[in-house]
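Take a look at the structures listed below.
Below are two complexes that have chain A in common, paired first with chain B and then with chain C.
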Partner chain A sequence: MAQIETASRARTADGLSLRDRLAQIDQGILIALVTLVMVAIGAVLVDGFLTGDNLMTILRASSALGILAVGSAIVIMAKGVDLSVVVVTALTAQGAVHLWTRNDFSELQALVVMGMVAITIGVINGWMVAYVGIPALFTTLGMWLLVDGAARVWLLDNQVYILPADSNVVTDLGRGELFGIPFPIVAATVAFLAGWLFLEYTSQGRLIRAYGDNPEAARLAGIPTRPLVVLTFVICAGSAAVAGVLLLGINGSYSTAYGGGKDLLFNAITAAVIGGVSLTGGKGSIFGVLWGTLFIGTFVNLMTLLNLSVEVSSLLKAAVLVVALAFDSWLHPRDEETAKSDDL
Partner chain B sequence: MTDPTQGATHDRATVPPLLQLAGVSKSYGGSLALDGVDFELRAGEVHALLGENGAGKSTLAKIISAATAPDSGSVLVRGEQVDFDKPASASAAGVAMVYQETSLVDAMTVAQNLFLGDAKFFNRLQQLNVDARYLLESHNFHIDPSVLVRGLGAAQKQMVEIARAVNKSATIIIFDEPTASITPEEKQQLFLTMEHLKAKGVGMIFITHNLEEALSHADRITVMRDGVVQLTEDAAKMDRDGIVRQMVGRAVEYAPKVTLRTTASEPTLEIDNLTVAGVVQNMSFSAYPGEVVAIAGLVGAGRTETAMVAYGALKRRRIGGGTVRLNGKAVRFRTPRPAIRSGLAYVSEDRKAYGIFSDQTIDDNIYIGYLGSRRRLPLISTRRRRRSVAEGLVKRFAVRTLDPTKARLVELSGGNQQKVVLAKSLTRKPSAVIFDEPTRGVDVGAIQEIHSFIREYATQGVAVVVISSYLPEVLALGDRILVARNGRVVAEFAGDEATEESIMFAAVH
Partner chain C sequence: MKLRRIAPVVLLCVLAAGCTSGATEGSSSEGQEGAGGTGVEAVTTPEKAREQVVSSLKGKKIAYVPIGQQFDITSLWRSRLERAFEPMGVEFSAPDAAFDTQRMTQILDSLINDKVDMIILQNPDVGVLSEQIARAQQEGIYVIAVNELGNQSPDAYVGADHVTMAADLADRMVSDCQAAGKNKIAIIDGNGTDGTSIATNEGWDPVFEEAGMDVVSTQHSRYDPAVANTIASTVLQKNPDLCGFAVNWDVTAVGVGEAIDAAGLKGKVGVYNIDASGTWCDALDKGIVTAGAAYDAAGIGTAAAMFAQQLFLLGNAPGTSHTVSFVPYTIVDESNVGTTSTACYGKS
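Right after this comes the complex of A and B.
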């Protein structure tokens, strides 16, 4: 028996198709190569792209996106998706400013309160998905509209909140530096490291990946699957809250006048997916998400430098996501039959 | 039943065979699934295709039905080279496939399914039903064309599928494990249909695991191993041992039983009057330490559901009543987690759906099972930690692979996957364990090994329950053999008294 199997294994190697070869490479490396090619093209064709300042701008602008992408990737790995990050990001930023300027909260108190609100939203999302059994797509879409509506009715009365001049904490977070590196970049680096350590080296992280691979098998193996699902939504909501505060600090204001952060949600999910996190769950790596984020960041920056309108730029971004999804399913067909028998 | 001259009458050099494959090769992700296969199907013959899981039978069937394209080699239908690029062109050439999981639409009626795909935009339902009845009766199938497919049994679904294939003037029909989930009576009906189609000149490829059926109902038999055709021979000239030797490369025998059970002890696992709406009716049995209780029965007899209830894997609101006692204590587990921690293990019948994490490595799979049996989840889980948990179990269950830290489960053979499932479910020694169809879809060579693991648990004083629909397995393992039918245990035999006939009789009547 042992001989038979080594024999059939030994007969592999040669005659691989292009698809087989690509499928064997980590998708993180693929997207890294694509990003570097894009950087090279940008350096040749676009003036002012390959300067230290501009590269730092790309990293700074990508930092909040990266943090959100890590959170989204973890939810997606557990077969979920969180659309309510849109409202959590906005609510954290705007709510904190509101509490602190009009309700006698100190800056830190306001941040802590809004952080707790974000975690609560995450818990409710997770509870609805894991214990009540509503699909994540509908749960979080409903939560988005619900929280957005509630905040507009009872809490927020503006679409734009300006960070008060006496802010210390948020300004430091957004504009400060640590050892000469802008703080948002430090924060994003920490988030990527933490996400990677969590998924690779903790039991919970391993189990989340396993749950995404086969939820029923995880349940039958005695894994406490429902608390794990709640955990993924809490992590995602937490990452959204941090991203909201960072954006507030970086921009000095938070506005929901144009789209209210839908762009950010779209970018975060795109970054995760083109980085190899499969929407069917259980697949992908934080390394891939990192390069997915850098890809989006570079892409958006190039669009800006080329002076393309917002409409054209979002059109191109959507095209990239669709192409990435098609590429993903070409690379990893669910099985040979479904790949071919569509016209039966 | 089989007429050995039947095949020969068509064996004239002037008539090209119905279907001919020459030098067909196919590789998936770098591993060779078919290696230069030559295969021939004559008109009016039943050609059985045998082999272990992963031998290449399904790949061959997929190539013939054009679900996948060969890397090299040629396919000839009636002597003419064809180049199937999509399934539709294969069915146009008269190739049809009858799957073990049928491809019918559950929510439509039999008639609608029969004419699916070639129906006009507007259909007159009545005419459709009349046509369907005519078609079904012409094959002697007694099925009401106006009922929903959902309500049909497995065999009836197969009949509908066969009728559909024949209606689309199929001359080459591939049966993929058609007898795996149907009753003996239904099997006879199926074989009659095959005879009937044979007389019409249809060529049939009969993929099966059941050697006896192949020997008694096929005209010729082809045995495959590791993507290579080992031999093709008239069925009349072959016997069981010869086929098994070709399938695994050596002879396989079942290990003898050694019973160690002491009669004085209390039962470890006791199921008392368990009822689950619709499937289980007052099921009662018990398992004592040191014995193997084998539960035989047909698919749908309520055995799996009983095990799932005991294990806490079924929604509680579905349980209609009854008690489960573990080590003398009445238990009612809400989830599998407390069941495992109390010493009850369950190895699922459906490896792919409930057993494995196909994208994870062997080490990770086993480690996940280990975490499931622990009271608290440790925070840190390094690769070395996972290795050290998995290492002993990989050896213990003789999982054969190049590198368990790298090999993902999807890349393993059925037998090795099953061994990983065993290792993963048994990271801690249980006091009672239920094996549900422990060797389904497992290569013949690994069956024997898995049986010896199961036996080993019993000799260590564990109460072992084996649910199996495969009678040789029931007879080989059971110290006590129970037969379940319609959700209750209807007969009990001592291991050495039972015969295949007595078990089957109890399971059906």
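Right after this comes the complex of A and C.
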């Protein structure tokens, strides 16, 4: 045991172990390098991969995922997790079409109402976690099932909602362009910039990291931690709502049949974790989440170009997540502090 | 092509022959003893025949368990079954499996334990409900399967002939591609292991092969239009000269059509799919899908109700006879969609 410890902490010339040195590097840089290597391999092996159009396809296909990943990362940084994004994403998209086509709402009114519903779900999630003290995992799992059931009983009457032909707002969001750039890519860029500015340059953003790093210390320092936790869930729910509307516009429909949406949740959490957002909380960067998202987008694109099935792609993505979690655990080993404050 | 058309009929005959010769096959018939006898008498009156039908159904418990209840096609079947059963005094129930296979097996186990008289189900996969179907029949419960045929034969199956439909659709696609001087196509099926994915691949693969088409991609969409959209976007980047996509389901086809439109290839790359609901007809109006196999979806619900009446009236023990029937279909596009009664179901 001692030998293993010695080996893993083999000192380099400057006295730092390999683990210590890697832990000092932003994991976002590591995943960026891995992604660039994957792009280089793809460019050599796969005909038609490294073209401007295909790279634009990757960015467009990754846009909704990226927006959701930003929201998920902020919750995870505050030592939480939000599984209810699956239902928030679907409910926003399907509920908006339902209100609009069956309840005489205008397109914009329907979107605003469903956006408010999403924010309300975020507030309830945050309140349950921060004030009632229920772990985020169970709160958001319960909220997922509760909202899904309630929506199926009282609102939605179909598993598949098609974007009506007379849509202007959603169609423009999903299919429009701004200065020649597809709008979903613009929206994702804004989300990443906003996430970065929020975490780096606002007091709430910095306090969220501090809380995630050590909740007890944050509380003792007089930080209003409970409103902060609520805020993270509201941001996450808001990002899920935007992602849902974008997906509706991009795909022209939203289906919850056959488990629709669960892939999105899995990919969002994977993007955050492989981008360096640690499940122990407090660690990670929006830069890392960006590259985590690009990694998944590029990976899925390559799998399709190589004509590998969705199942093989999912298998490999899951393997990447497990490796990333193991790597994270090795880089940030559990100690007395994390054990006391607990993680996911 | 003739062989493909004849094959279902031959299959039906073989199965029908199997039922008569295999009358002692396995199962008990405790649950249905004395249910309806051997049908109406050779010489009877309309009134007497009606009485026999009603008495064979009255008080029977029939459960309808599709993959999910909140779907245009499954709610269409439910309404047909309700309309047929309620006047006959049937206790009809429709629990929702909500696209959860585990929940579906639990519902079926519970229905078998409750000793219902008949289960009308939709297989989510060729093998997953085999045990439940066999057990139900052994417990004296009739099983009718709709639109998805699994490995375990029910007492009756009624649905679309996905093999022949896919083959006809592929013929149409090949014809269009050859006229356009293209030969690249991509296939997007469902889960890969479900009955319709297997059947459609069985139908269109030989046609594409015979015609010398280049199948550049074969992917599973899991019946998710978002997944189909991503796959189509990627395939189109590599193959902008693609002739078209062969897609298993109309809702998935809409996702593919949106990807083609977004790539600026609307009208240049076709979308050919199985099924033609109201949702698909809206997409046809938008010009993002090309042709679809419109089968008599409503007829499946009606035929299932007819089979139910027949099984109770004839009174053969559950599991001793197995029959397969297919509903008619038409390949529709913008030229004939307005005159095809089986297209655009569920459109308000």
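By definition in this document, the second predicted complex is superposed on the first by the 316 of 344 C-alpha atoms of A that agree within 3 Å, B and C clash if a C-alpha of one lies under 4 Å from a C-alpha of the other, contacts with A are read in each partner's own complex, and residues count from 1 in each chain.
Keep this in mind: a residue touches a chain if its C-beta (ideal position, glycine included) is under 8 Å from a C-beta of that chain, and two chains touch if they have at least 3 such contacts.
All values derive from a computational prediction rather than experimental measurement.
Undergrad: With both complexes superposed on chain A, which partner does A:Val300 reach: first (chain B), second (chain C), both or neither?
TA: Touch status of A:Val300: second partner only.
Undergrad: Looking at the overlay, what does A:Lys317 touch: chain B (first), chain C (second), both, or neither?
TA: It touches nothing on chain B or chain C.
Undergrad: Is A:His98 touching the first partner chain B, the second partner chain C, both, or neither of them?
TA: After superposition on chain A, A:His98 lies in contact with neither partner.
Undergrad: Figure out whether A:Ala217 sits in contact with chain B (first) or chain C (second), or with both, or with neither.
TA: Touch status of A:Ala217: first partner only.
Undergrad: Now for A:Gln204: first (chain B), second (chain C), both, or neither, which partner does it touch?
TA: first
Undergrad: Between chain B (first) and chain C (second), which does A:Lys79 come into contact with in this model arrangement: first, second, both, or neither?
TA: Touch partners of A:Lys79: none, neither chain B nor chain C.
Undergrad: Which part of chain C faces chain A closely enough to touch in the complex?
TA: That would be residues 67-68, 70-72, 98-99, 191-192, 216-227, 229-231, 233-235, 237-239, 251, 254-255, 257-258, 261-262, 279, 282-283, 285-286, 288 of chain C.
Undergrad: Applying the document's contact rule, which stretches of chain A touch chain B when the two form their complex?
TA: 1-2, 4-9, 11-13, 15-16, 20, 23-24, 201-207, 209-210, 213-214, 216-224, 282-283, 336-337, 340-341, 343-344
Undergrad: Help me check something: in the complex, which residues belonging to chain A touch chain C?
TA: 47-49, 51, 53-54, 57, 60-61, 152, 156-160, 162, 164-165, 175, 182, 247, 250-260, 263-264, 300-301, 304-305, 307, 309-311
Undergrad: Name, in rising order, each residue of chain B that touches chain A in their complex.
TA: The touching residues are 27-32, 35, 62, 67-68, 71, 86-88, 226-227, 248-249, 311, 313, 335-337, 339-341, 346, 348, 353-360, 364, 367-369, 371-373, 377-382, 386, 400-402, 413, 416, 424-425, 445-446.
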